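In the two complexes that follow, chain A is the common piece, with chain B as its partner first and chain C second.
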Partner chain A sequence: MRHATALRIGPVGFRLGSDWPGPVAAIDDLYAGYPQPLDGIPDFTVRLFAARPWRRWLRPSVHIGGDYVLPDAAPLPLALGLIAAEMGMNLQMALGQRRYLLLHASAVERDGRALLMTGISGAGKSTLAALLMARGWRLMGDEFALVDPETGLVHAFPRLISLKNEAIPVMEAALPGARFGPRLEGTPKGTIRHLVPDAGSLAAMDAPAVPALILFPRYGFATETREVLPSETFLWLTQASTNYVALAERGFDALTRLVTQVPARALDYPDTDSAIAEVERLWASL
Partner chain B sequence: MNRYRAAAPATLRIVPLDALTLIYHRASGITHIVDSPVPEILEALAGEALAVPVLLARLAERFELADGEAEALAARLDELAAAGLVERL
Partner chain C sequence: MGLAVSGARILADALRAPETALRLDAAGWTALIAMARAEQLAGTLAHRLEGLAVPGAAACILADARASAAQGQTAALWEAEMARRALAPLEMPVVLLKGTAFAAAGLSAGMGRSIGDLDILVPRGRIGEAEAALIAAGWEWVKPDPYDDLYYRRWMHELPPLIHRERDRMIDVHHTILPLTARITPDAEALIADSVVLADGLRVLSPPDMICHAAAHLFADGDLAGGLRNLWDIHCLIGESGTQGLEARAAHHGLSAAVARAGRLSHALFGSAVPQAWRRTAGADALYLRRMLARDGWGRATRRLTRMGFYIRSHAIRMPPAMLARHLWTKWRKGHVPG
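Now for the complex of A and B:
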C-alpha cells in the first residue's frame, strides 16, 4: 500500500498499510515509543483503504481490511483514521488471536502480580486501569488481557488507552503531563481521546505477570463488593473472550486454571475515587 | 427398556468448581456448566449401562438424591444423550 508502518504491542506484531498518509502518521506519532515486530515479521496486517480510487480524495471514507475482516463493518471518515487503525488492530486480535486466551479486560500489575478488570462497556475498566497507572501501577492493557495456556501467566497488550466521553477530563486532570492523542468527536462511541501508556508500562511490556485478582466493576451504584464464585467467573469470562471456543481444550484448561486459582470480586462503585480506594483495599487484603 | 451409559471417559473433562461443575466435551468442543444431579448421573453411569429405575435407585442410595421421578430422570437422560454426554443403548 502507499503508506505503511509496523509496530509491536506486547507479544503481537502488526503491519499497518493505508491509502492515506494521515492514519499512518497518527499511529507513528502516538506509538513512537513502541518496538518493531519480533524478527521483523508481523503477526497481523491491517489495511485502511478506499472503496473506489476516487474516494481517496472525494469524501474520503476509510474501510478497514486485513487478515481478518467483518464483512459489514461501516467505513469511517478520514478524520477518524486513527480510530479505524485501532479498530483494525483490535479486530485482528479478536478474530485471529490463537496463541493466547484473549479476555476482553483491562489489566494492571504491581509486584509481578496482575489485576484483571472486565465488564460491560461503560463499566469503567479502561478508566480504572488508567487511574491505577497514574498511581504507579504498571498498565498491561485497557482492552485485552492475554492468558498463556501453557503457563497461566498474563501477557501485556498495552495499546493506546482509549478514553471515552466523561473519562477524558478525568484522565486529563489525573495525568496533566501525559501524552494524549487528538480529541476525536463523532465516533461510533462518542468522543474519544487516546492516552499513551507511561514509559514504565511500555518498557515492561514484555514481562508477563501472575494473575492475582479478577474484578467485575460496575459504575453507578453505592460501593459494594461481593465474592464471585469460580463457576460464575468462568461463565462471565467465556463471554468476555473472543477466542475461547476457537482455542478448544487449551481454552478450557487456561480458563479453568484461572478461575480456580484466582479470587474474583464484583465491585459496584459510585465514583472513581471510591473504586480506586476499594481496589487498593482488596489488593492489600489478598 | 432403554439403558444409558456415560460417554467414554476419554471424551469428557469433568471439573467440579463449587455448586456447579464444568464438563468439556471433547467430541463437540462444547463446554457445559451443569448443576446437580448431572455430575452424579455421569458418575453412576461411568462404569455400566443402567436402565432408568435402576439408575434412580442407585442415585438415591449413593448420592441421597431421593426426590427424583423416573419420568424427569428419563427426560434429563435424553437431554444428556442429545448433548453427547451419555449414550442411549
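Now for the complex of A and C:
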C-alpha cells in the first residue's frame, strides 16, 4: 500500500497499510517508542483504504480491512484515521487472536503480579488503569489482557490508552507531563484522546505477570466491595472474551484455572479517588 | 501463462513445494501469510509447512493456524453429527459435501482446511422431508425475502440456507450439484447411488464424483471466489485417488470441460499427476490462472477487470439471458449492488 508502518504491542506484531499518509503518521508519532514485529513478520495486517479511488480525495472515508474483517463495518472520516487504525488492530485481535485467551480487560502490574479490571463500557477500566499507572503501577493494557493457556500468565498488550469524554480532563490533570494524542471529537464513542503509556510500561512490555486479583468496577454508585464467586467470575469472563469459544478446550482450561486461582471482587465507586483508595486497600489485603 | 505471473504465485508455490517458502525474506513471509488468510488457506499452508525450519514468528502464526483449523474441523464434524441425528429417523442417504466430507473421510484435502457451512446432498424426491426434520430439530430460515425464497425453491440446486437457532451454524441442503437453470445437469441419482458410506452412516461422494463436484463448483457455478482453495482440493483429491475413470464419469455428468480444465490448472499450479492431455494449458486457462492468483501482498483482491469478467460470467452460465435480465432487475430494485 502507499503508506505503511509496522510495530509490536506486547507479543503481537502488526503491519498497517493506508491509502493516506495521515493515519500512518499519527501511528508512527504516538507509537514511536514501540519495537518492531518479531523476525520482521507481523501477526496481523490492517488496511485502511478508500472504497473507490476518488474517495481518496473526495469526501475521504476510511474503510477498515485486514486479515480479519467484520462485514458492514462503517467507515470513518479521514480526520479520525488514528481511531480507524486502532479499531483495525483491535479487530484483528478480537477476531484473529488464537494464541492467548483474550479478555476485554485493563491490566496493571506491581511486584510481578497483575490486577485485571473488566466491565461494561463506561465502567472505568481504562481510567482506573491509567490512574494506577500514574501512581507507579506498570500499565499492561487498557483494552485486552492476554492469558497464556500454557502458563496461566498474563501478557501485556500496552497499546495507546483510549480516554473517552470525562476521563480526558481527569488524566490531563493526573499526568500533566505525559504524551497525549490529538483531541478527536465526534467519534462513535464521543470525544477520544489517546494517552501514551509511560516509559516504564513500554520497557517492560515483554514481561508477563502472575494474575493476582480480578476486579469488576462499576462507576456511579456508593463505594461497596463484594466478593464474586469463581462460578460467577467464569460466566462474566466468558462474556468478556472474544475468543473463548474459538479456543475451545484450551480456552475452558485457561479460564477455569484463572477463576479458581485468582480472587475476584465487584467494586462500586462514586469517584475515582475512592476507587483508587479501595483498589490499594484490596491489593494490600491479598 | 505469461498473464499469470506474480500475484498469489508464492502461495501456490508454497503449497506445491513447501521448501520454496524457506527462500522468503520477512516481507515475503508477511505477504504469504496475508494471501493465505485472504484465500482461506492459512490452515492448509500451515499443515504443508509443518516441520520445516521457518522463522520463529512465522512458526507461531502457523501453529495458531493449525490449532484454529483443528477446532474448526471439530465444530464442523459435530455439526454433521447434529444433522445426522436429525435426519436419521427418515432413513434416507445423507451425503456430506466439500470440506466436511474431506474431514469426515480423513482425506488430505481436509488437512488444515477451513470449513464454513455444512453442505449435504439428499434425494430430490425426499428433500421436503429433510427440510421438515431439520426445522423440527432447530434450524430456521435465513432469507426472509419471499423472492429469494421462491427463487431458491424453483431454480436452485439447494434449499434456501437454514441456520441453527442455538449453534448459529448454516446448513445447505442440496438435491444436486448445479443450479437447475444451468445448461449442465449432472446425474444426481448416480451421485447418491455411488456414494460411499462412512462408519457413522453418513456418506461421501465416490472419489471421481468428489472431483467432478469440485470442478463443477469451481468452473460451472460461481465467480471463482475462493478458487485457489477449491483447486487445491482438486489437487489433493487427484493425488489421493488418481484419475482412473475420471474422464468417463465427468462425461456422464456433462462435466468433461470443467473437469479437464480443473486437471490442467491443477497441474499447472500444483503439478498434479494428471493424464498427458491435461499437462498443457489450453484456451482461456491463462485467464483463469490470472483470476485465481489475483491477490497482492497485502491480501487485497487485485485485477478488477478480470474479477468483474468472471462475476458477469458466473451469472451468464447460471441462467438463460432473459431470465438473467429479469433476475437482475428484481435484485436491483431491491437495492442489491453487484461486486
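Everything that follows uses one rule, which is that the second predicted complex is superposed on the first by the 286 of 286 C-alpha atoms of A that agree within 3 Å, B and C clash if a C-alpha of one lies under 4 Å from a C-alpha of the other, contacts with A are read in each partner's own complex, and residues count from 1 in each chain.
The definition used in the following text is that a residue touches a chain if its C-beta (ideal position, glycine included) is under 8 Å from a C-beta of that chain, and two chains touch if they have at least 3 such contacts.
Here the structure is a predicted model, which means the values were calculated and not measured.
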| item | value |
| --- | --- |
| Superposed model, chain A: greater residue contact from chain B or chain C | C |
| Which of chain B and chain C A:G40 touches, first, second, both or neither | second |
| Which of chain B and chain C A:G13 touches, first, second, both or neither | second |
| Chain B versus chain C as contact partner of A:Q261, first or second or both or neither | neither |
| Touching partner for A:T151 - first (chain B), second (chain C), both, neither | neither |
| Chain B versus chain C as contact partner of A:A248, first or second or both or neither | both |
| First, second, both or neither for A:N165, with chain B first and chain C second | neither |
| Touching partner for A:L229 - first (chain B), second (chain C), both, neither | first |
| Contacts of A:Q239 with chain B and chain C, given as first, second, both or neither | neither |
| Shared chain A surface residues [contacts with chain B and with chain C] | 248 |
| Of chain A, residues touching chain C in the complex | 1, 13, 15, 17, 37-43, 45, 47, 49, 65-68, 98-99, 246-248, 250 |
| Of chain A, residues touching chain B in the complex | 229-231, 234-235, 238, 245, 248-249, 252, 256, 259-260 |
| Chain A-touching residues of chain C, taken from the complex the two chains share | 25-27, 29-30, 33-34, 37-38, 55-58, 60-61, 64-65, 67-68, 71, 74, 298-300 |
| Chain B - residues contacting chain A, complex | 13, 15, 17-20, 22, 24, 26, 29, 31, 33 |
